[in-house]
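There are two complexes below, and they share chain A, which is joined by chain B in the first and by chain C in the second.
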Partner chain A sequence: MEIQRTIKYEAELDRQFAYEIAQSPGAETLFECIQCGACSAACPVSIYMDLTPRRVIAMTREGFKHEVLSSLTIWLCSSCYACTVECPVGIKVTDVMYALKQRAIKEGYGPRKVLTRLLAQSFFQAVKEDGRATERKVMLRLYRRAGLDHLIRMAPLGLKLWRTGRLSAFGTERIKNPAEVRTLLECLEEQEGGKSP
Partner chain B sequence: MKGNGEVPRIGVYVCDCGTNIAGKVRVAEVVEFARDLPGVVVAREYKYMCSDPGQDLIKRDIQEYNLNRIVVASCSPLLHEHTFRKATAEGGLNPYLVHHVNIREDVSWVHEDSDEATRKAKAIVHGAVLRVAWQKPLEPQSVPVRDSALVVGGGIAGISAALTLAEAGKQVYLVEREPTIGGHMAKFDKTFPTLDCAACILTPKMTAVKDHPNITLITYAEVEEVDGYVGNFKVKVRKKPRYVHEDRCVGCLECIEACVFKEPRFPNEFDLGLSKRKPVYIPFPQAVPPVVTIDPDTCLYLRFGKCKKTCVEACGDRNAIDFDMKPETLELEVGTIILATGFKTFDPTRTPKYGYGRFPEVYTSLEIERLVNSSGPTGGEVVMRNGQKPKRVGIIHCVGSRDKNTNPWCSKVCCMYSLKLAHLIHERSGAEVYNFYIDMRTPGKGYEEFYNRLAKEGVHLIRGRVAEVTDAPLHPEEEGKLIIRVEDTNIGVVRRIPVDMVVLAVGLEPQPDADEVRRLFNISCSTEGWFLERHPKLAPVETFTDGVFVAGACQGPKDIPETVAQAQAAAANALALMDKGSVEMEPNVARVNEELCSGCHICIGLCPYGAISFNEEKKVAEVNEVLCKGCGTCTAACPSGALSQNLFSDHEVFSEIMGVLL
Partner chain C sequence: MSGYAYYPGCSLLGTGKSYDESVRAVFEALGVPLQELENWNCCGATAYSSIDECTAFALAARNLALAHRRGDPILAPCPNCYLVLTKTQRYLEQYPEIRQRIVQTLERLGLNLGHDVPIRHPLQVLSETPGLEAIRQKIQKPLKGLRVAPYYGCLLARPYPIVEDPWNTTILEDFIRVTGAEVVPYAYRTRCCGGALTGVVREAGLRMVYILLREALRQGAQAVVTTCPLCQFNLEAFQDQALRKNGIQERIPVLYFTQLLGLALGLPPKKLGLHRHLIPFQPQRKALQEAVA
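Right after this comes the complex of A and B.
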């Protein structure tokens, strides 16, 4: 067992971090958190998280930027909004998680190959091309980047979906004028510092 | 410069209020400005006008400069108008020749820009200077205060207030809605933090109320109408028929025994439905008055008109039962009123995640209070609905409290009563008890020590708000149990704790009809619905209506010691009013110029206080100065300009407007 220094000096914290996160929609009441843990208890995936959602909020508030952005928690969030429903002070915890994910990507934190992130990228790419997402295209792009083993694992489900008409095998759904949506998204990307998810 | 006949010699005093005003308004500039206004003889700046030296300044100047009008620009008149009127009077002037304007709440506290604030302060002072020249000396009306009081609500607050007043020799009417007094406290077994028995300390007080010669106890009754004003309230009380003559019933309970329903079969409200009662019942053995009540919704005779009336037979010669009893309206005349209408507990069906109403073993704290009570449905045994003792019990704090989705406030008493219940449950059943809290709030004499004692007794204290209570097991140990899912926030891990019984520590809420009650007594309430005190710190039992006081949990969540203290404080305030014997009314009343009045009656119908009547002899309207509240409605409506209001004459109002529009 290795003994490590765990003390945190104020100089190591990012005092601005909390205020920046609190700017994002849904996070306005970040500083009103009473640390009751209702979010963690309601969360169906908190049992797998390294930091419970409550701790993420507490650490964000106190400027533990590095710890929060490198935590697994923000990538495990499945956006079920159970925490948001439970929160007694009205923090939209799910939205805070999104804000943290975006920040993590922007600052080069976080695992590159985590599925949540790859899915978001594939989805974004698809919308950029066609103005909307064709499920098959999104999935194939996702699994190309995530690895063939994922594709093999999910293939039976894919087949089932195809058989019941929930997944088209051919063709691409496209809106009339995808270029307009593309321009829109590119504008957004530019504003956000030229980085897609 | 026009004025009120005499040449105005005005003194203007602008207060710095430390930095409260001077931090934003350039006071020296305002004083310079005031000095040049018409009629102003002297203008001064002072750090604290309300201080003794500040007041002395006014008194001295009145003598030295022969002033006849005073303007003070400082804080809200609500706080210090009285102070400056008094200082003016002591300086030898009529107190109504001072005009107090507010440049703190209305100016320095609400403006960010110093230039704008200074400009506004000048305008307000200008208006005051022009207005004060028109002010006239007035004499306040003095009205007598009746030597009797009405106390609404017979919980521990009402009982304490009534006893204090009665001991001081005042006639007290105590009105209670339920068949018995005692309120919530009568339902409790033990009281925190000393664990003394609630009944042992409460019932002697209840009996004292019943036996006190100065207290008229009116139970099973509600206040229907309130008229009048401080010192002279007229109150109508509607007494519901209990179908039993209180003076004849001796409390032998033989009628209950004799009732045609052999077994009790209707939910007993006093035990929150955990036990059953008959249509003829007494809420609990020590009820005061110790008489039975017949419930018209379940009594066969009262519902269907057909019954053997075995109860009447049992009552025999006492003839206490009377099925023909009708509602009765009593008219009371009192000088002061104390509202002690209490609270209600949060309805946990509003938070379905805790399963109340869905899982039989989820109880509210009030139900558990009955369960641990030796006169309760189980005789003090803590048992589940199947009769077995629970092995593990979870107490969930803050149910309905500290949550934007339900009630945002902390109910203050739940931490302590949850600890008390934890102790009692463990003592009575030997169960392992888990308390789930967000923050442990135990301020109070001996409270923290009680918390330490519970920790020592081995109660599990888990910091975390419970997300759900479920009966779906994920582990063999959880089979057949209720599982509490919570983050143990001290450890940072989500836990599932299987228990046999869940207690919901429900918070405190205003009574459902609090809003109607406050309208009845013409008082205000906070956004949450609690009755509003006149000042949160310095007038905690007074209200904005003179002569009406509040006590106990109707004003906000509080525990028994605090409630009693507040009740006795309210009684002391009421006593001060009654013992003085009279109150001075603000002389801002309407007056009729009989020569101008055309007798058109318009004002009479408009007056919300019924203060105007018609003098048939002179054919003019007449104002009853005691009833007039100075609202100005009649003055504005009078087509002949015959009505005017003291302190708000046209001259006063218009010259102030002209001044402000500088």
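Right after this comes the complex of A and C.
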């Protein structure tokens, strides 16, 4: 058996990370968290999370960057805003989750078995191409990237939806000038100097 | 002013088609003018915020600018669109640096963001024009005896509620009662349906769907009425799996509030998109069965 150190030295924590997250919109009061747990109590998905929302907040502000960015929690968050409206010090916990997701994608974190990240990326691409998200296109792309077994598992439902006219089989929804939306997004990327995932 | 700038959003062109159809039909029947916002683009939904906040705001802002140019309030039936558009508007007021970037980018496309295009949900609009009383006068086929669970979902209740007091509001219940149907107590009316989780983390998503459906059945509801295409989709398309897994045989139709209203106004079911549903809604047959029993 290999013995591992299970606690971190303070010097290993990434304080800078905490300050950066606290700068994202909605996270300004991150350092005022009183650890009351109201967010975790309100969260309908917390029973599945490896870190509860309260712990995510605590660990983020202490600088446990690696632990937070590799947690399942940020990919399980369904953006229901239940935590956000409960927080007594006005931390928009949902927005903190978004900020963490962005960071995780930018830095290449993200557990493979959780498809949330793939979904976000498939969606991003579709809208960039067409200006709108055709559900069929997004889903096909997601499950193709996720693996054949996923595609097969979703097929019966897809067929039912197609039969009832709720899944356009061939057409793609597109705005008249998708280039306009592309320009919009690219202008911002230019300004930021960043690139899309 | 050419009526509301109707913003269907991507879901209403696909899985939520019957929401689109029933919103249009009901607005027409009630004489509230609406015209699609020309060349609208995807609001960005939750996926964009996961990638980059600023591009998410930019996508939503383009729609705000289009509506501003037209000079009409936005009508957004999808709560996700409603939230993203509203949140963008609020954040751009609150964070001038982000606003600056977005405004400049939009200018390059010849668009002007404007400041306060109203963003409204059909529940709000119809409760004012024509108003519940006027709607009551127009009811032709009251849905007597139908027991309905009112399900708001998350985003009409928080974080930017469509009513002043989201904890005690009865705006959806009032609409259901106007149709002549009965409202069952439904404690989970603003509990999350799981959103995209059914598609990406199946076990968690199915459990959330199950909790909502079980409660509706326990209260004796014969239909769940929603205001959200994602809620409708989750509760209907994953119902079989969620309930079967827990040994429940019963199934319960999940409708949009505009469909219920449309039926009571005497509109043909087909015009309301009812034929697109996977779990058929047959109130007449239900009532008959009960009369026999």
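Assume the second predicted complex is superposed on the first by the 180 of 197 C-alpha atoms of A that agree within 3 Å, B and C clash if a C-alpha of one lies under 4 Å from a C-alpha of the other, contacts with A are read in each partner's own complex, and residues count from 1 in each chain.
The rule is short, and it goes like this: a contact is a pair of C-beta atoms (placed from the backbone, for glycine too) under 8 Å apart; a residue touches a chain by one contact, two chains touch by 3 or more.
Computed from a predicted model, the values in this text were never measured in an experiment.
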Return fit or clash for chain B versus chain C, each positioned on chain A through the superposition.
-> fit
So, A:R54: does it touch chain B (first), chain C (second), both, or neither?
-> first
Using the superposition on chain A described above, determine whether A:E173 touches chain B (first), chain C (second), both, or neither.
-> second
Classify the contacts of A:L13 with the two partner chains as first (chain B alone), second (chain C alone), both, or neither.
-> neither
Touching partner for A:I34 - first (chain B), second (chain C), both, neither | first
More chain A residues in contact - chain B or chain C = C
Look at A:P88 in the shared chain and tell me whether it touches chain B only, chain C only, both, or neither; answer first, second, both or neither.
-> first
Please indicate which partner A:L140 is in contact with in the superposed arrangement: first for chain B, second for chain C, both, or neither.
-> neither
Once the two structures sit on chain A together, report how near the CA atoms of chain B get to those of chain C, whole Å.
-> 6
Which parts of chain A are touched by chain B and by chain C alike?
-> 82
Can you list the chain A residues touching chain C in their complex?
-> 24-25, 44-45, 48, 75-76, 78-82, 84-85, 92, 94, 98-99, 101-102, 105, 114-121, 123-124, 127, 131-136, 139, 142, 154, 157, 160-161, 164-168, 173, 175-177, 180-181, 183-185, 187-189, 191-192, 194, 196-197
Per the touch rule above, chain C residues touching chain A in the complex are 10-11, 13-18, 39-42, 44-55, 58-59, 62, 91, 94-95, 98, 101-102, 105-106, 108-109, 154-155, 158-159, 191-192, 194-197, 199-201, 203-204, 208, 237, 275-278
Chain B partner, complex, touching residues on chain A are 34-38, 40-43, 46-47, 51-52, 54-55, 82, 86, 88-90
Can you check the complex and tell me which residues of chain B touch chain A?
-> 353, 398, 402-405, 438-439, 463-468, 485-489, 492-494
